[in-house]
Amino acid sequence: MFGDKTSKFVVLGGLLIILVGSFAPNWIVNQFMFGFSRALAILGLMVLWRTGLVSFGHAFYFGLGAYAVAIFDIKFGVTDVFLRLLAGAFVAGLAGYLLGFIMRNYRDIFFAMLNTAISMVLFGIVVKTEALGSTDGFAISMSTIFGMSPESKYPLFVIITLVGILAALIVNFYLKSTYGRLTTAIRDNEIRVEYLGFSVAHAIHLKYTISTILAGGAGALMAMSLGQVDPESMINWTVSGELVFVTILSGPGNVLAPFIGSLVFEVLRTYAFELAPQAWQLIMGATFLTIIFFLPGGIWSLLEKFGGKKNGK
Amino acid sequence: MGNSAPILEVRDLLKTFGAVVAAKDINVDIFEGEVVGIIGANGAGKTCFVNMVTGYLAPTEGSIKYSGKELIGLETRKITHAGISRSFQVSQVFHSMTVSENLMIAIAIINNQGLDALRLMDTPEVRSQLDDILSRYKLDIHRDSTVSSLAQGVRKLLDIAMAVVSRPRILLLDEPTSGISVEEKFDFMDIVMGALRDDGVTVLFVEHDMEIVARYVGRVLAFYQGEIIADMPPKKALADKKVQEFVIGKEHHKQKK
Amino acid sequence: METFLTIVLDGLQFSSYLFIVSAGLTIIFGVMKILNVAHGSFYAWGAYTAAFFIGKFSDMGTPDAFGFLIILAAAIAVGLLLGYAIEQLILKHMYHRDEVLIVLATFGLFLVLEDIILIAFGTDPYFAFQPMALLGSVELGGIVRDVYGLTLIGVATLVAVGCWWLLNKTKWGTLLKAVIYDREMGISMGINVPLVYTMTFIGGAILGGLGGAYIAPTISVAPGLGTEVIVLSFAVVVVGGMGSIAGAAIGSLIIGLLRALAVHELPQVELFVVFAVMAIVLVFRPEGLFAPAKPRKI
Amino acid sequence: MNKGVIAALAVVVVGAVAFMLTGEPPKKEEVKADADAKQLTIAVPSFLTGGAAGPFGIPAMNGAKMVVDAINKGKLPAPYNTAGFGGASASIIELDEGGGATKQVAEYRNLVEKRNVNAIVGYISSGNCQALAPIAEELKQFTIFATCGTPRIFEEAPRKYVFRTMAHATADNTAAAMYVKEQFPNLKGYTGIQQNYAWGQDSWRDFDLTLKQILPAAQASDNVQFPKIFAGQYGSEISAMSLDPAELVHTSFWGGDLEAFIFQGAARGLFKEKTGVLTVGGTAAYRLGKKLPDGLVLGARGPYGILVKDRDSALNQWFINTYKNLYGTFPSGPAYQYGQAILAAKIAYDKAGSDATDEELAAALKGITFESFSTTVEMALGGGHQAITENGYGITKYDEANGENIVTNVKFYPATCVMPPEGENSVDWIKGGMKGAKC
């Protein structure tokens, strides 16, 4: 069941990174934390992308997750990592499930646009509401683990990585299930799927909900590892664009891709920002175009080339 | 057919698109095990009829009963579950996947409904069913080739094979031989009809080619401007004045061009 | 009454601005089926070019009226150069790709162009107040308004009429409409679609540039001014119906007036009302209020 | 079998290791230990992009660079004419402050944990300061905020490693209110337009509360505008204010937003009908020249820029002249404020030594009083972490003769008059009638 190569490597790789993290300097641990937090969201977008759906508004769920952590922290003093993660994933997932009833009827540009619209509505509300921190957002207190407040960030990093492993395993399994296999099928030919006796709407609804839960979790983890949330960097449409960016960068080939992709993205951004404080967007944009043009399969397809044999989904 | 109750009962079917009448006063009984040919010029309402029976189009008026059960208002997938399946004039398959992937998805969908769909797709039982279908439809050689790389004929074959995965009791074939070269036609139909006969499926197929009709069909429905102008055995139909004038005449005319 | 008149004028002024910007976007989408995120960059480049040269020329002592010429020139220059370059170097090679992927490509372009602005024009804001100062101000509905802002309404009307005329009264228009209706049909009719695409994209880019160039005198032209415009014009285009000029006009009016109303009566909702409308329209009328006709394909 | 995965894994691991070989810098403490290197790195974040760059970020950065350079060379006037920071010369890392608080937090972590800077001196946006204060505490990093204004930073929680060397927003607005009272004693009503975040909200709250205290006759408008920061177009807002009966408009706008607002307002005759109070107007005075309407009440967030142009202390004259020679314009507020923060850093290092730990540096700066370029700075609040300075306002006038803006009726209010005493929260202090204010 989880016996396939990918799963094994997810587990091995994850544990290895946890090990590496234990003696890596803080800033590297940070890169991994940010990278892997975001990777959760990418994992969800990957599922959608395989179905031919690209959401230009998943910052909505990313933001919901992050702000759930902030609000629960300020209003109810919730600091436990797992409670926070749960809160984020649940709030976003619930919203995603409800909106899914509408979203599942949309495709292509309309799907992308409707998601954008929804996310911008939230953006507008948060920015204008002082109670929600308006443009400043909130600072988030250090997370505790079962009541213990850790000295360093390492425990949080370990948890994020473990969550990442778990998510990767589940999604990997999902993709091999009938539901999962339907992704490409639906992209290819919805009529046939319906005639085979399967509801395309339901399938897409499930995928959408999964992607929103993951995005919410990602937001929550990101908020915890950063210690800060604000609308500009959590909800605005540019964030959605960023998420899609990383999805394309990673490539849909395998559940490992999002993790590698987001890691590359973090490093790329850190250095771009360090080398050219005024031109880092240019570097990112150029990279993005290059990927779209010369590497449609994303970084993963590159790895496959090195790896030689094509890796079946 | 005898006196047993019909498996498909169509009554006073009417379909209009604004002013255009696509189907009118259609009354047909189809009996278990029949092989029925549907002929008619382009736009005579053949495909429209197929679409209505499979729930892809909702009729304006009328009723379609399947072994006593009303089909009107059901979604296509419900009708598939009920036991009616179809193939398409332009083959509707998953072009970016291989033949076996196409069929495996079809099989898996039929096997795991609802939450079962979260089960692994690629299982031994799925595999065995796959091999069975591949061999019966002579698709083994193509099993690992991607659809987009296949010839029309093979796609059509796959299209039909996917339709029968659900083990339908009624199968509607929409112009199965269109786009297939004259030489291959009969081998193709032999494969298909052979396979179907083994399962005792009731078959309705839309066809332009009168030779095919004459060879495989026990009964002909001739459509003209949305109405059935003839419902009789093929020999009689091909001789029929109205049919010759409104259907075959045009057909021959068309084929000459 | 005073308030009402003011709201209407504010609304119309903002609508006009929205329309000029989104007209280009909707034309490009209608013809090429490309949702061009980089449209915001055309706007920004238009604004910068105009502001830069208006400043330069008035330093050289040329009469302020000259500013209007510069605005027009800037828009055309930006459209021609940027539009042509992007269409030829990037988009041309993507038409066979998935339309969503093209959107992403334009997003990449947007990022790049934003920073090129920084490199080209620096971070210091530009001011091109001369044209606005030239026209002075009038008392309307109890409050003073700058005439320049009001001319915006005129310009928008001109653009609207111009587009309508081009589409309905010229041979070019019939060709465009053919392509908009059905690309394959266009090709089969022997229309040189690639050329149509290039021209359309340049045209759209010019309109985007014009939006920026014309608004430049009223704002401090500073980095990052393209970002907001994109989502705003998306909202307009979606509300009106992607690819329809009339739709863009209606969309601009609805959003412009609603926003003005919000600012006066309920400032807190000013920002989100725009996108609320967008979402609602998408939910109840995905094709937009004024969707252009689509061919029936079975 | 699945080579792709192997390759993927390989890359991740190799990548991670590569970081540690190339990227891993010596641990922070070690850096500070080898003092004989006598080379410090000070990170100076400021707006290098966005609308705030021109009016704020760039002058601020210039001020910082100029002062650091002078300190390295020992060129500052007495008593700061010793070379270096505790003897060590410092190099600056320039950093863009744009992109939102969350991005800044990420960058800050990088500064501390990857680039191992010794001190971080700067920040303009209150949003960023508010977000970074807790992070600085978490990472135990000696940090001096230069310009940002919201009082919350030291009123929310006690800070150990964070300092701010200029007065917070309360001073700007209490002073503004007092100035308004003196200049327009029979004011009937006032309204305002603020950016929609901590800075704008606090500024309006303080100004409004103070006026309610000292000028109860004046009515606050119930339709105060809070547009999004960096919105750039204020047509409708200006209309709304024009329709408002209030005769006075208070704004805490700054940078590009302020300049855009001045243009659009001037073109609409807003400042003819109503008196504009610009708490951060100082930056515009030098930049806009004739375009700046006369008769605006203008502040510079303290005794900086145009308000102190004629103060002839050696330090001030040095600052103005050197800046003018280097950059061709007079130094505006942000230049002063960043210079002042750098100066504070020098003082801390001189006291604690160039190899001091963050704790020692914090101890050295805590609660001191020092003579800055244009004024006396007292680290009096927030347990000796928050500075108080005098605060002043004037009225703009374009001086045709010299073709430049000047301010008339300049009045300064002593620090203890416009800021709450230690331990008291500004809002409560104002509500309580500003007890203990020594004016």
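Going in written order, the chains are labelled A, B, C and D, and every chain counts its residues from 1.
Convention: a residue touches a chain if its C-beta (ideal position, glycine included) is under 8 Å from a C-beta of that chain, and two chains touch if they have at least 3 such contacts.
Since this is a predicted model, take the numbers as computed values, not measurements.
Look past subunit A and you find the other chains held together by touch in these sets: B | C, D. When chain pairs are compared by their number of contacting C-beta pairs, A-D comes first.
Each chain's centre was taken as the mean of its CA atoms, and the one lying most distant from subunit D is B. Subunit B and subunit C, compared by their mean Cα positions, are separated by 51 Å. The centroid of the Cα atoms in subunit A and the matching centroid in subunit D are 36 Å apart.
For the pair subunit A and subunit C, the distance between C-alpha centroids works out to 33 Å.
Taking each chain's centre as the average of its CA atoms, subunit B and subunit D sit 76 Å apart. Counting only residues that touch two or more partner chains, subunit C has 118, 123, 268, 270-271.
The residues of subunit D that reach two or more other chains are 48-49, 226, 228, listed in rising order. Contact topology of the protein chains: irregular, matching none of line, ring, star or complete. All chain pairs that count as touching, in label order, are A-B, A-C, A-D, C-D.
By the touch criterion stated above, subunit B contacts subunit A in their complex at residues 54, 75-77, 80-81, 85-86, 92-97, 101, 104-106, 108-110, 112-113, 116-122, 162-163, 165-166. The touching residues of subunit A, counted against subunit B in their complex, run 1, 173-174, 176-182, 184-185, 187-189, 191-199. If you check the complex, the residues on subunit C that touch subunit A are 35, 37, 90, 93, 98-101, 103-105, 107-116, 118-119, 123, 227, 230-231, 234-235, 238, 242, 268-276, 278-279, 282-283, 286. Considering their complex, residues 52, 54, 56, 102, 106, 108-110, 112-114, 116-118, 120-121, 123-125, 127-129, 237-238, 241, 244-245, 248, 278-282, 284-286, 288-289, 292-293 of subunit A touch subunit C. Considering their complex, residues 2-3, 6-7, 9-10, 13-14, 17, 118, 123-125, 127, 129, 132-133, 137, 142-146, 148-149, 215, 218-220, 222-225, 228, 259-260, 263-264, 267-268, 270-271 of subunit C touch subunit D.
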